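Note that chain A is present in both complexes that follow, paired respectively with chain B and with chain C.
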Partner chain A sequence: MFGEKVLDLVGELKRARPGTIPPYNEDLTRQVIEEMRVLFEENLTDVSEAASEKEKATPKPELYPSIHLRHVCLERNQRGLLLYNYNRLVKLRDLRWELGSILPDEFRLSLSEQEVQWFQRYNRSLANYMRSVGGGVLDLTEYTQPPKTLHIEVRCLEDYGDLETDNGTVVQLKKGRHYYLLRSQCEQLIRQGILEHIQ
Partner chain B sequence: MAESLEDTMDSDFEYRRMTIKEVVEKIEEAWQNEKLSPELLPAKPDLLECLVEHIKSLDESLSELSAADLVCSILKQELDRIKYVVCNYLKTRLQKIERYVWYYCDHPSHLSQEETKYAKEFASNLDTHLKEVVLQHLPTNFQDINKRKATLKPDTTRYVFMRALERKSNITIKVSGYSVTLDVEEGSQVVLPYESVSELVREGSAKLL
Partner chain C sequence: MKILDQEIVSEFYEKLRHQHVLVLAAWDVDSVCACKILQYLFKSDNIAYTLIPVSDIRDLQKALIDHSGQSSKVVLINCGGGVNIHELIESDERNQFFIIDSYRPLEIDNIYSPEQVNVVIDESEHLKFPEYDEIYASDMDSDDEGEGPSNEEFYYEGEEEEEEDEGPDTKRRRLAESFQKRRKKVVWKKNRQQVLLEYNGLSYHGTAASILMYQLALKMSRDSNEVLWWSIIGLTEQYLYEKISSDSYTEKVHTLRPDVLRLNRNDQDTASSINRLRLTLENELPAVLYRHWSLYDSLSHSQYISCWFKTWSMRGHKKFLEFLADMGLPLSQSKQPYSAMDASIQENVKDWITSSALKFGMDNITYSSFVSHIGYKHHFSAADMVYCVSAFLENNVEPSFLSAIDVLSKGNVKKIFEGIELAKQQQKAIIQQARSFTEKHRVGCAGSFMYFYVEENTPNCSWFVSPITLKRLAYYLRETWNTTNRKAKDLP
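Presenting the complex of A and B:
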């Protein structure tokens, strides 16, 4: 049935776990576009037939319903494709705020080439905005939680190596150990899953 | 720098005469309203500029103190909190701009200069992307987006909790075809559709809860 493929496409994205991006489904996208091409060509023939018959005095009003049906399917397919692509960008945007400007490989592999380009352009305009508004002192992505205390207790989940703190001392982060660190310094590492905040 | 800024704008001057405590209260109020209102509220570039300067000066005075100093950790905590509020305020605004990007490109009156630029970039970035991946591959009649249909608008009919900061009479409320007027006393709290109180929130005579 018409429109079913595009529903699959949108459903696939909807079912994905939050915080992840499923691989770009180029195959299905192409099938939807092909379906649209076929529908559109059928409509072109029918429309020219329904319209050009006038002079021969045999108009074909019986063609109108099928033309209309195909048109609605075309609109639905277009809408579905836009929805799929737009919502992938929304997910990608959320990842930018969560994980920073460099995407881990696991996400990068799921993206299409154009999405990688979009991501770079998005990064650039966000960075420009932050520079122009904050004079270099504000990083809007820095605070995900209200800062209740200056230092927090964290558990290290994997061997990370040396972390240089603001005042110049070096802390060696080792798996399984607990540390008491400045919140501003470990927030990035917490989001990357290297440290875990102990409440 | 301070002198050159002082005579730029009246409201700028106003923020400059306030104490830091008052400025922080102002941004907290703006932040709370921004978080709770469905639409974007007017930008406050002067207030922000004032806060960014304050953050810079706090940063400077921190670098002169030794880390073991008690004052240092208190100041740091203070700095962290102010930065959090400012960042979250700006972030909330950006989220609204991104979500309703086509709408705010057409109605940029509440956006700051930087936000307008950002919105335009975001919109063109989005248009380019959708064109590349979808629209240019479609049959000729389907290569444009019907923006009139597709544009998301902020839902201003949503109900909000509001506290009146001063006495207001004759607020017109329109609910499903009916129109009622209402007087609110100072300090009274009401639940109303946002569109009927948006004017009060913008002029600062009410705040959202």
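Presenting the complex of A and C:
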């Protein structure tokens, strides 16, 4: 039946675990395109037949339903393919924000060639944009949410020693203590695993 | 210097602004609650702080020394009131201490110290401090004191020699003067001792730190249901662990009641108002965690009831069952979890218990308290929360001040249940230990003190490492002792 393969293709993408990209199914894509080509050619002949016979004044209305059916199948396949490709790109874009500009190998291998190219171009435009705003030092991927408060509550997970803050006070970071500090000063330490952010 | 609660905003809070504040908190429920309120206030004012839990005076000293050069403002919650801060550390001139301590008596040196050490006091307590002149000598006297009597004599003798030619009259006058002076000083010294003895003689607890913090929030118009709830928990802890008498507890509850009513007016019950924290005033049974336990367990594990019936003995246990029967409560129902009991029983059980208790000779066993409701499902009384928080503080595996703070955060229901389970274990351990002591007659009596040993390697001993649990065990044993030995009624 028409349209089943494209459903498989979309289903495959949907079944993938969140945060991963399944390998690009080139084989199945090609089969879908082949199916579409066949449908299109059949429609073409039928349409030309129906159109050409108009002049002989014996129209063939019995051809219309099959033309219509094929056309709907074609449109459905097209929609499925677009869906497949678009959603892969959305996933890829999310990965860029999560993992940064260099993709790990396991993702890179499951991309098609065009997708790799798209990824590079996306990287480039993002970098250009980030350079143009915030004086060129702002990493947008780190601050995806606008901060609600200037300070955050943190807990110290291991002894660190003295931390000198911007306004000159020295804070001693020790295990098992609770602090309320400027967000900007903590972020580095949170990423190092010394501080823990309390929501 | 004292800061009265009237001027707590201007003298205490305003001085903390724009600085990194060091908060030192003692290891008890009241200070957890006070911290929570202070954190809430600091958060809304963007005041950076460091919070360090301290469990004893050595901890306190160490923390102060570690941070002496760093934060100039130090807030001490429920600690440091009873010790002379200046003696504890050689503090920097820039450091300023604020003490909020429910422990009384407060060290007199802290009260009369200049700007550097400030003690926040609730005026309604009517604390009486000795007059400054009674404790500290004026300049002239203190000079003499420093030099000691022998020096003094020498000084006068030297003077005499010098001024020999002045004639006997002047000499006699001078001698008389110096005698008078010395007599005055002896009297003053005696008086000082007397006054200090009277002042320091008894130790007790005053207004809870969390109540003071609530007043602070109230004065700044930042009070909310959460803040009020935290201060109620702090207050309830003082009552449950017998830090304050039931009279002063009732008095405090009465002052908080209007606030509860004000913040919990019966507005239109919209979905959003259901899911927020709501507080109601209710009478509480002296039963431990009964909302989350079976009624049978809860009653038999509570101090008052179990001591009254002496449930550790066979006869006492029978009497306890009789008590349950008198209420008209089937045993099968009372052994169910409270929430699974029949709804009709749940509604009436409080009245039944009170009336049966009257019959059995216990008078007025309920006390007024508050209950918080979150959504339709969760109801926690202030007492439940106290047991829950202190279970985290006193956990025998891994005591943690910070997880005790987390429990109080909004919407942390899962953690509350975790704490309640821990609290049940704790309560069971206390009761078991006490029972085994009473059965083996391990409680000794020495004059006006009683003593007992908790042996190492007994199954429950790990619980009694922490002071609050140990204290609760002691209170329980005292209660059992009081009920079993008639002679001992007049002992403390």
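Definition applied: the second predicted complex is superposed on the first by the 142 of 199 C-alpha atoms of A that agree within 3 Å, B and C clash if a C-alpha of one lies under 4 Å from a C-alpha of the other, contacts with A are read in each partner's own complex, and residues count from 1 in each chain.
Keep this in mind: a contact is a pair of C-beta atoms (placed from the backbone, for glycine too) under 8 Å apart; a residue touches a chain by one contact, two chains touch by 3 or more.
Predicted model, so just to flag it, every value in this text is computed and none were measured.
Chemist: Counting touched residues of chain A, say whether chain B or chain C comes out ahead.
Modeler: B
Chemist: For A:Y180, is the partner it touches chain B (first), chain C (second), both, or none of the two (neither)?
Modeler: In the superposition, A:Y180 touches chain C alone.
Chemist: Please indicate which partner A:L74 is in contact with in the superposed arrangement: first for chain B, second for chain C, both, or neither.
Modeler: The answer is first: A:L74 touches chain B but not chain C.
Chemist: With the two structures laid over each other on chain A, which partner does A:V133 touch: chain B (first), chain C (second), both, or neither?
Modeler: A:V133: touches chain B, not chain C.
Chemist: State whether A:Y64 touches chain B only (first), chain C only (second), both chains, or neither.
Modeler: Touch status of A:Y64: no partner.
Chemist: Is A:R155 touching anything from chain B or chain C once the two structures are fitted on A? First, second, both or neither.
Modeler: second
Chemist: Which chain A residues contact chain B in one complex and chain C in the other?
Modeler: On chain A, the overlap between the chain B and chain C contacts is residues 149-150.
Chemist: If you look only at chain A, which of its residues touch chain C in the complex?
Modeler: Contact set of chain A toward chain C: 149-151, 153, 155, 165, 169-172, 174, 176-182, 198.
Chemist: Looking at the complex, which residues from chain A come into contact with chain B?
Modeler: By the definition above, chain A touches chain B via 29, 33, 36-37, 40-41, 74-75, 78, 81-82, 85-86, 89, 93, 97, 112, 114-115, 117-118, 121-122, 125-126, 128-129, 132-135, 137-143, 146-147, 149-150, 167, 183-184.
Chemist: Of all residues in chain B, which touch chain A in the complex?
Modeler: The contact residues of chain B facing chain A are 48, 52, 55-56, 59, 67, 73, 76-77, 80-81, 83-84, 86-88, 90-91, 94, 98, 112, 114-115, 117-118, 121-122, 125-126, 128-130, 132-134, 137-139, 141-142, 145, 150.
Chemist: Which bits of chain C are touching chain A when the two form their complex?
Modeler: 19-20, 39, 42-43, 46-53, 66-67, 69-71, 401-402, 405-406
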